[in-house]
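Two complexes come next, and they have one chain in common, subunit A, joined by subunit B in the first and subunit C in the second.
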Partner chain A sequence: MISFRDQVGFTLIEMLAVIVSMVVVLAAATGFMITAVARQKAVLDASQLEARHSQLAETISNAIKMADDFQIFNDSSAANVNLRQQYYGRGVPFGNYLACRYDSGSMVGIVEQGFEFMPAGTLIQTTKFLTTHVPEVTKIYGSVRVDQETCFSMKDGILQAHWQVFTTMDRVDFNVYGMPLNLR
Partner chain B sequence: MRLQRYSEQGSIFVVVIAAVTIAAMIAVSYLLLTNDHRERAGRAVDQARTQIRLEEDVLEAKRLIARQAKSGQISLAEVASQIGKKSATEDNANDVVKFGLDGVENGSKRLSPFLDSLTLLVPLGADGDPFFRAKALVLKVNIEASAQTTQSRLPGKDVTFTPWIEVRQIPISQFTLFSLNGPITVNPSVFGGGQGGRMYAAQDLTVSGSGNLSVNYPLVSGGDIRTGTTLSVRTGDQIGTQVDVSNVTAYKNPNDDAKAEWLAQARTQYDSALITSGTLPVDVALVPSSSQPSDSQGLDIAQTGAQCQVELVIDVNESDKKGSYRVTATRGASDWIVPPAAEGQSSTVATHQDVPFVAKQADIGGMSGKIVVAFNYAALTARAPSEVRSIYVHTNGAPADAVVLIRGAAALNNDLSIVTPHIVMIAGDFNNGQSSRAASIITGQNVQAVDSTTGNNDFGTAP
Partner chain C sequence: MSPSKKRRCHSISSIRRMPIFSARGEENGKIQLPPDQGSLILTMHLATLEHGSTGAPFRRIPTQRMLIGTDRKRDRLTIGKSAKIFAKFPLGRLLNAAGFSLVEVLASVVVLSVAALGITAAWRLADQKALAARLDGRAARILREYYELQTFAPDYLFVNRGSSTGEDADATDIPLSPGTSRSGYLYHPKKHRSDGNIFEYEDQIPYTVSLSADGKTLMLTYQSQFISGAAAVVPKQINVNPRSLSQ
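Let's look at the complex of A and B:
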C-alpha cells in the first residue's frame, strides 16, 4: 500500500510543467485584469469629467436663467474694472468671462456667479456672495478647449456658451443657450 | 477513495450553487442600481420639464396681466382662473400658481388714466432699467408657482418658482418725447445745451441733424432706432455709464446676418442704451379712459382734455375784421382770457403778444393756410400766475387745419399740461429753466420745434 501511494505522486517534470503553465495562465489573467482595470479607470475618469462638465453646463444655464443682470467681458480683469454692486455696465459681444448676478433673498443676498475660460484649458467657476460674509467658492474644470475665439457670446441676441472637453475616450461638445426670465 | 471522491464532488456542487447565488445577487443588485439610475435620470428630465411648464405659466400670466393693464383693470383672480384652466386641460393638475397684488392674494386694481397730485410716485432706481429714474406708480404682482414631479417611482421633487412682475404707471410728463402713433425724428438742435431727456416711440425713432446730443436716459422704441449724429446716452446713475451710440441702427426685427450683429451688441457693447422690441420686449400703452373700448390703445384727446382745468374753444366760423377768431372758455376760470374785441384787436398786436391766446390764419413753420392759435405762456403767467396748470385748447374745425404755437415757455413757473388735437409748434426753448417742471404737451398730431421768432410778424413778440 505504501509503495502504491508513492507511485501516484507527481514527478518533478510534471510539477515544473504545472507551475510554468500556472505562471503563464496567471500572468495572462493578471495582464488582462490590469488592462481591464486601467481601461475601466479611463472610462470612469472620462465619465466623471463629462459628468462634471454636464453639471457646469447646468449651473451656467441656471445662472443665466435666474440673472437679474449679466454681462460678458474679455476676461475677469476687464470685469473687475466695471464691477459694481448692482449693475455691470458695458461689456463685449464675445468674450471669455461671463458674470451673472441675482438676488437670492434676504438671507443669502446678492449672489454673483462668474465663469471664465482660461487659455490654459480650464473653466473656472466662482461664486461670490456680495452682501454677506460667506466666503467665495471656486471650482476648476479642466481639459477644456474652445474652437471659436471665445467661450461666451450674445450671438443673435441669445446668451450662449460653447466649449469642448477632451477625455481619454472621446471629445464631448457642450453648448449652453439661455435668456434671463426678465428679458423674455 | 471513491467514496471520498463522491464526497468531494458533492462539495463542489454546493460551492457552485453558492457561487451562482452570489453571482445572481450581484447581477440583481447591478440591475437594481441601473434601474435606480434610470429612474433618477427620468426624474431629472421630469424636473426640467416641470420647470419649463411653470415658466410657461408665468410667461402666460405676464401676457395676461399686460393685456389687462392695457385695458385699465387688473384682476389676478381672472388670471389665476385662466392659468388654472390651462393647467387642467394639459393634465397638469398638481401645478399650483398663486398670485398676489401688493400683498393681496388674487387682488384687483383699476388703473387710472390720470394720477392726482397726492399719488405717491417712486423713482425707478435700478441702473439698466429702460425707464430708470422715472417717477412711477408701481404695482407689484408676486407669483408663487409650484409643482411636484410625478413621472418616476422615486419620491417626487418639489419645483418652486417665485418671480414677480411690475406694472408701472409712468406719467407722460416723465418723458421729453412720447409717441404712440407715429415715428419720431429728433434734431439735436431743438434741445437746449445739447441735453435730451427720456424718449419713447411706438414706431421708429430717429436722431439726426447737426450738433451733438447727450441723452440722460436710454432711448426706447417699438420700431427701429437710427442715430445719424453724434449721440451719447446714459444707461445709469453710476460713473462710466455714458455710452457712445453715434451713427448706430438698432433694429426691431433683424432679418439678416448683418442686422443680427446688432443683437449681439445691444446688451453688451451698447449696454442697452438703445432698446427696441428686438432686444427687450417692453409693453407700453396709455391707460384708456372709461369711454374707450378695452382693446383700443389709442390716445383719447377729448377724454384727456376733459381732465384739464381749463377748456378753450376757438370758433373758426367767426372772425373779426382783422382775421382773429374768438377764443372762449367752456370750462374753468377764464377771467385771464381777454377777448380780441376788448384788448387784442385794439392794441398794437404786431409789437407784442399780451394776450395768452390769439388765433388767426397765418403762414408759419413752412405751413400755409392754417389757423394758428398762438399761446404766449409769459402772458398767461402775467395774468394768472399760479392758477392754470392744465389747458385743453381746440378749435371747432378739423384737427389738421389748426396749429397751436407755444411761445414764451422757455422757463415754466409751475407744472403745465397742454392738450390739443392739433399740430403743435414750439417756438424756442420749452421748460428749459433752472428747475424744470412736470410739463407735457399732448396731441394727436405732429410736434415740431421752430425758431423762437416764429409768429412775431403775426402776433407780436413773445414773451
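Let's look at the complex of A and C:
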C-alpha cells in the first residue's frame, strides 16, 4: 500500500502553469518598470537640456546687455581676424557667430564672449580673457537647429538670436532680444 | 470503456484501488468533513468510489468536486480505475503540500492589478507635474523674452507695425502695441511619423501674450490641461516701462 503522503507534489501541468504565470507576471512587472524608468530618463534629459539652453539664453542676453562692443559674423573664423583689436571690424547683419566684448575690471580685464551656431546642431559658447592669461572656457550645447538661415541677426534694428532645441520629448523655441545698455 | 479512457486510466493505474483517504460518511450526497482536520478537494471525472475492504461500488460521480475528510478510522474509499484526479491541498498541516486556491489566486491578481494601477497613476501624476513645471518655466521665459523685446525694440517698430491677435509669436519679432495680444504654443511634443524615423512636432497648449491698454503690464495666460476648473487658466504678468514714442 502506498500512502497518499507519498503521492503529494506538483504535476507537470501545475509546474508549467506556475512557471508560465510567474513569467507573465514578472515580464509585465519588468516591462512596466523599464517603461517607467525610460520615460523618467527621457523627462529628466529633456528637462536638463531645456534648463541648459535656458541658461545659455540668459547668458547671451546678459552678454548683449553688458557689451561695450558687439558684432555678428558669419562664423568664428571671421571673428578671429578681429581678435585683440580694440573694436570689431566689419560684420554682417545675419550670421552664426555673435561676439560680445566688455571690460570686466582691472582684475579680469577685457572679456569676449562668443556664441556660434554650428550646422552640425550645436551652439558653442566661448569665453576669452583678452588681457589676462586665463585660459578660454568653452561650453557646448547640443540638439540645436535653427529655423531661419542664421542664428543671430540685427533684424528690425534689435540684436536677436533664435534657435530651437529638440529634446527627447518635444521641441523648445528660444528667442533672445537685447541691446547693449550703453548703446540705448 | 472506450480505448481513450483506457489509456487515461492506465496513467493512474498505479494508484487505483489504493486507500488514499477515508471519510466519515455520506450525507446529502456529500461526504462530511472532519472540520478540525481540514479538507482535500478532488475533482473527479467519471469517478467510482469504492469501499476499500470489499471493492463494492460506493458512489459514482460524473463530474464534480468533492470535499473529503482524512479520518483513517472510518470507511476507506478507493478510486475506481476510471477516475481522473485533480487534487488541491488547502491544508499543509495534513498533507505537507500547500497550494493556492482559485479565490486566493484571483484575490492576488486583483491586489496586483490594483497596485499596478496605483503605481501607474502615481507615475502619471508625477509625469504630469514635471511637464506642468516645465511649461510653467517656459511660460515665464517667454514672458521674459517679450519683456526684453518690448524694452529693447526701436521706437519705429511700435508705429504702424502693431501686432494683431492670433499672430504666431514665434514668427514675428515685433513688439506688442498697447491693448493688443499675440498667441502661440507652449508645448510642441514629438510625434512619430508613420513613414520612418522623421519626427513631427505638434502644437499644444496655446498661450496668449497681451499688453495692457496703458502699456504697463505684460500678461501671459495659458490653459493647463492638467487642471480643471477656473484654476486651469494660468496667468503670469510682468510690469514693463511704457514706451513713450516720439510720434
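Worth a mention:
One rule holds in what follows: the second predicted complex is superposed on the first by the 162 of 184 C-alpha atoms of A that agree within 3 Å, B and C clash if a C-alpha of one lies under 4 Å from a C-alpha of the other, contacts with A are read in each partner's own complex, and residues count from 1 in each chain.
By our rule, a contact is a pair of C-beta atoms (placed from the backbone, for glycine too) under 8 Å apart; a residue touches a chain by one contact, two chains touch by 3 or more.
Remember, predicted model here, so these are calculated numbers, not experimental data.
If you put the two complexes together on subunit A, you find that subunit B and subunit C both fit without a clash. Of the two partner chains placed by superposition, only subunit C is touched by A:G178; subunit B is not.
Residue by residue along subunit A, subunit B and subunit C are tallied for touches, and C comes out ahead. Geometry note, superposition on chain A: angle between subunit B and subunit C about the Cα centre of subunit A is 140 degrees, to the nearest 10. By the touch criterion defined above, A:G114 lies against neither subunit B nor subunit C after alignment on the C-alpha atoms of chain A. In the overlay built on the shared chain, the residue A:D170 is in contact with subunit C alone; subunit B does not reach it.
Once the two complexes are laid over each other on the shared chain, residue contacts for A:V25 go to subunit C alone; subunit B is not touched.
In the superposition on chain A, contact is made by A:K155 with both subunit B and subunit C. Looking at the shared chain after the overlay, A:R39 reaches subunit C, while subunit B stays out of its contact range.
Once the two complexes are laid over each other on the shared chain, residue contacts for A:S54 go to subunit C alone; subunit B is not touched. Minimum C-alpha separation, subunit B to subunit C, in the superposed model: 6 Å. Shared contact residues of subunit A, touching subunit B in one structure and subunit C in the other: 155-157, 184. The touching residues of subunit C, when paired with subunit A in their complex, are 14-15, 18-21, 89, 95-97, 112, 116, 119-120, 123, 127, 130-131, 134, 137-138, 141, 145, 148-149, 152-154, 156-157, 170, 173-174, 187-190, 199, 201. The residues of subunit A lying in touch with subunit B in their complex are 69, 71-72, 82, 84, 86-87, 89-94, 153-157, 181-184. Considering their complex, residues 1-2, 4-5, 7-9, 25, 28-29, 32, 36, 39, 43, 46-47, 50, 54, 57, 61, 155-160, 166, 168-173, 175-179, 184 of subunit A touch subunit C.
Interface of subunit B with subunit A (complex): residues 55, 58-59, 126-128, 163, 235-236, 238, 240-241, 243, 260, 263-271, 278-281.
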